[in-house]
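Look at the two complexes coming up: subunit A is in both, with subunit B in one and subunit C in the other.
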Partner chain A sequence: MSEAKRQDERVRTRNPLQAALSRPSAGAIIATIIAFLVFTWPLWECVGDAQACTANGFLTPRGISNWLEVAAQVGILAAAVTLLMIGGEFDLSVGSMIGAAGMVLALSIAEFGLDPWMAALVAFGFALVIGALNGWLVTRTGLPSFIVTLGMLFLLRGATIGITRLLTDRTQVGGLREFTDGDMFVQFFAGDLIIGDFSISASVFWWVLVTVVAWWVLTRTTFGNWIFGTGGNATAARNVGVPVRGVKISLFMATAASAALLACIQVFTVASADVLRGEQKELEAIAASVIGGTLLTGGYGSPIGAFFGALMLGMTKVGIPLASIPAEWYFAVLGIVLLVGVLLSNWVRRRGTGVRS
Partner chain B sequence: MQLKKGLVGLITVGLLAGATVAPAAVLADGHEKDIRIEVVSHGQASDPFWSVVQNGVNAAASDMGVTANYSAPGTFDMVAMGQLIDTAVASQPDGIVVSLPDADALGPAIEAAVAAGIPVISMNSGSDDYAALGILSHVGQTEYEAGLGGGTRMGAAGVTKALCINQEVGNTALDLRCQGFADALGAVGGTSEVIAVDLADPAATQATVEAALTADPEVNGVLTLGPTGALPTLEALNSMGMTGEIALATFDLAPEVLQAIADGTMLFAIDQQQFLQGYLPIVMLTLHNQFGGLIPGGGGVVLTGPGFVTADNAEAVIDLSAEGIR
Partner chain C sequence: MTTATNPVAESATSSDVPLIEARSLTKYFGNVIAIQDISLEVRAGEVVCLLGDNGAGKSTLIKTLSGVHPPDSGEIVLSGESVHLASPRDALHRGIATVYQDLAMCPLMSVSRNFFLGNEPTKGWGPFKRFDNEAADRIALEEMHRMGIDLRNTSQAVGTLSGGERQSVAIARAVHFGAKVVILDEPTSALGVKEAAIVLRYIVAAQARGLGVILITHNVNHAYPVGERFVILDRGQQIGTFEKEELPREELLKLMGGGAELDKLSHELEEYAAEVEQKGLGNSDVGTPVS
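Here is the complex of A and B:
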């Protein structure tokens, strides 16, 4: 037997660049850097001239705080959605859940007089129940989660509009400021941290926290291995004793809870709830996950990648109007950027992992 | 690899196409100044009403020699719209124009703009809330009174039981229109019920209206709150063979609405002349920048409507509507 053949491939040394590129998040990081360069491109000529550098606002403290916040609102969802997608399922109902949980929160405060922290508990409880219901329906019926949660998307949105109209004759619940002003608990969701000229909103810290928790659970706990197993090959996972059904149900509860968290942030920040909040957010979260290297087929992905996917999306959404691209071209440009992001992420992953097609 | 380069190139071309050369306005002291005004509305690009506003913005920008950028969120999402306003503030423009459908949600973003020393004018919706936020002036129509006017005309036409078709549930201004309409009908012993529809889905809107009319045969009047509600409602009446039996009126104009009025299948349209809502704020903010803080009327509401289009004047308005001006 030759020397090469006896060497165990599990302990082989790899080229560090190859190792870095083989991480699921590599493509998203590169895509984020490219997006950053594209949207700061009009500023390149200003190097050394501080006045010109702030011309379109992308790199001003306010501009940076702005795209960080937009990214955070997608990223909070994307972290949980990524775990669920690695577990092999979709949740299309998170967008509607933002509207529903936000309305539960606002109605609890304005109509039923609960304290903000109690109302937030009710909203999270509501989300966890719906999430568990999603998971139970998917695992019980064996129907694709795409269909089950599509049903929930319409059901939640419709019920939110209907019940809110029934209770208040309106579709917006406003004037929450008189209940939330001066409340310390609310500051955890709506406050800003002022550092010099930067005003970083609480959502950015939640985004980082949720991402770190998702990363830790996925890569440092047994439960994380179960998620990979469930999404990679459910039958094999079940045969080695992974509680596949329980894993899926908890992941659906996690995505619903992330939507409830975003709903708390939105409602406490703007002091009103609207039945239409969160439309299309489910698709943005999936887009951020996929740019972040997560496979639609399950079993592969990274919350760190989703973090950068969301960051790229945030830069793009703020960068487009700042580049004075007319509003009617917004979706076209957003679509091109998304496609480029996914293609790039896919290409880097194939290169990095040595897959040739 | 080749494909990726091509796509990156496409984005660059898009950016270049978007970056227009800023024209200059002349200041009082004879100096030229590049004035840039950011317009953020809640009107989606697919809504014919808002494309007229956008035409007004563009016409005023070229007439005044200033740059105006128009943006709007992709769905009726006030959080996303607040972020667009934040983005506009970050670019430090010489003025911001906003529509104000939810003062609670948009308030903080607008107050930040005011605090940054940027003059802000609101248009279209928000006549009740603008002053408290530090907005200089409001250009629009007072919604309740416009609905009241519509209800009075409907009542005079003999309507006793009406539907109010709302395509933007959640927009305070539209709720007020329905309320004014109901109050005016109530004054002559009639009633009105609000029906919620989806402005992005004409087929579902038509089906909803047909169902509501079938469910209650006593309904003899329908008020829609914009062309996105009016056109499917016209179709619904057509397919049920009830055209002309039910008094139909709408807020806001579109070529098809005007044709229906000229044909007599529609009673009247309440016109808020939204071209002016795009045009006037640009003029006002330009003059405000040019001549040291000019603002008309001590910061009151500049009314652009309501005007009523009936069979008498419909023909004259048709040509302008086709050009996207009315």
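Here is the complex of A and C:
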């Protein structure tokens, strides 16, 4: 069969570079390399002089662990958000979900005396129910998911603050250390792996794991094909028997679960929960997905791209203050990167897939 | 889902019992009579054309036949057995595949992913059960070749295909998944002359493989070369059913009413274009370039 393919004179052989550029993740990988070069730029002259290389801290073991961890926090969300966006929907409520699930976790431990693993189970259960509710509302009402989850964003944040105040009179729950210290289960979320000078936090491993799972599901399973179909053309998918509603509801549950995972990591790491945790994380996750080549209109995207999108955001967030640029410029830079990233991946997609409009 | 499906071939010879038969189908929408008392039958290896102007009831009829609307009266008989079609999915399982004009494909997905959407081939088991990419590519390419569709590469996005090629992917998919009757909803209406000819060729190929084909169109020029029987609808009523022998093309054009006028217009335009070309009056942005 490949013989026949090769002989077909209508198939242009593309050079490997062009073929690589046709992947949705190409733009994000390029952006990541550019970000890396930009933030290590002051260090280039130091080749051979180890002391100078670590001058601004970006390439020190600590610096690397630092931006990896920041990237991981966005990346865990972005992997799930990417699948949802490929499935043609949005979830703005993940940011509030981080605060809400974290508070459910902390309150379950501190107020209700549950074991950490049981509390984590409750937090995940809570997130899955809210995720399913999001999905149910979107598929039932036919309202844009942007609106439904925007409502859920406010509702969750408000309810989290209100209920926490009612129960504890405060907006933070701290002092979890006495419940979680020495707990093996907690180490899965809060532990660090020490390799030489590097101390890699558990979140980085979760990030890689979630990305690999998302990639596997999307490209190697039947469900992945349904996700593409649901986002690419819901009517066509329904006509050939894809359970479009079920796919969407599962994806909303997945994004909520990713928020709960991040909440567990945060709460166990700092041993406290704050009702305001996760603010704007939903937008960063969407930004990482979009930089990673995922289309807002659905049907196209890549968890690998989202991985690099998140990595780039992490580098930028940590690199800016290290490069002596005031940290408040992060969002301005993020905005520029987002716009350039989208333009780049749009261009790449048009060149790469050759899809006629 | 099994991948080797071709139950069609053996039934091709026993063409006495119609594969699908509509008996006095009637469908109302509120007080609107969408179709009334429509009957038709399709045998294996037959192409039946459903002709009529906009609003004639063609869409309602095919939606009834494909399980979207239950009929208010009348019955649908498949291979001699009266059935109730619960849903499009149900109709599909019973071998009635409908290819809609533009609702069939996801443009950014590859040809083989589109081909197997909803019926993915898998390998492995348990948590390692996965979408079999190689099998999908191979089967899609084979199936397309069997239909005489010379596809370039099944990993390319469907959006890169022309309109006619997209239609043919949808037809090949329907055939592969065991369709005995393929209903084509205006497959040629959005296509250029050459593209339409390609699709018509695939229809003949499907017919040769022993399928029953219902072709919906309002273009007599497309219907006449491939059709063996013509069912003409107007304002929800069945004007008549004609065998090709008893109905010269001109007669069919007359029966079509509005269609005839359009056709006349298209001939006039063709003549005009030829005239322009002949006299060399064509300015550069009209008509085809002359070498």
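Heads up, the rule we're going with is that the second predicted complex is superposed on the first by the 336 of 357 C-alpha atoms of A that agree within 3 Å, B and C clash if a C-alpha of one lies under 4 Å from a C-alpha of the other, contacts with A are read in each partner's own complex, and residues count from 1 in each chain.
By definition in this document, contacts are C-beta pairs under 8 Å (C-beta built on N, C-alpha and C of every residue); 3 or more make two chains touch, one makes a residue touch a chain.
Not measured: the values here are computed from a predicted model.
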| item | value |
| --- | --- |
| Touching partner for A:222 - first (subunit B), second (subunit C), both, neither | second |
| Which of subunit B and subunit C A:233 touches, first, second, both or neither | second |
| Contacts of A:276 with subunit B and subunit C, given as first, second, both or neither | first |
| Partner chain(s) touched by A:300 [first = subunit B, second = subunit C, both, neither] | second |
| Touching partner for A:57 - first (subunit B), second (subunit C), both, neither | first |
| Contacts of A:156 with subunit B and subunit C, given as first, second, both or neither | neither |
| Partner chain in contact with A:242 - subunit B first, subunit C second, else both or neither | second |
| Contacts of A:214 with subunit B and subunit C, given as first, second, both or neither | neither |
| Touching partner for A:137 - first (subunit B), second (subunit C), both, neither | neither |
| List of subunit A residues in touch with subunit C within their complex | 1, 5, 8, 10-11, 216, 219-222, 224-226, 228-229, 232-233, 235-237, 239-242, 295, 299-300, 353-356 |
| Touch list for subunit C against partner subunit A, complex | 88-89, 92, 98, 100, 103-109, 113-114, 116-120, 122, 129-131, 133, 138, 141-142, 150, 152-153, 156-157, 159-160, 162 |
| Interface residues, subunit B side, partner subunit A - complex | 1, 3-4, 7-8, 10-12, 14-15, 17-20, 38, 45, 54, 67, 69-72, 74-79, 82-84, 86-92, 102-108, 116, 169-170, 172, 175, 196 |
| Complex contact set, residues of subunit A against subunit B | 34, 38, 41-42, 54, 56-58, 60, 62-63, 66, 69-70, 73, 161, 165, 170-172, 174-177, 266, 269-272, 274-280, 317-318, 321-333, 336-337, 339-340, 343-344, 347 |
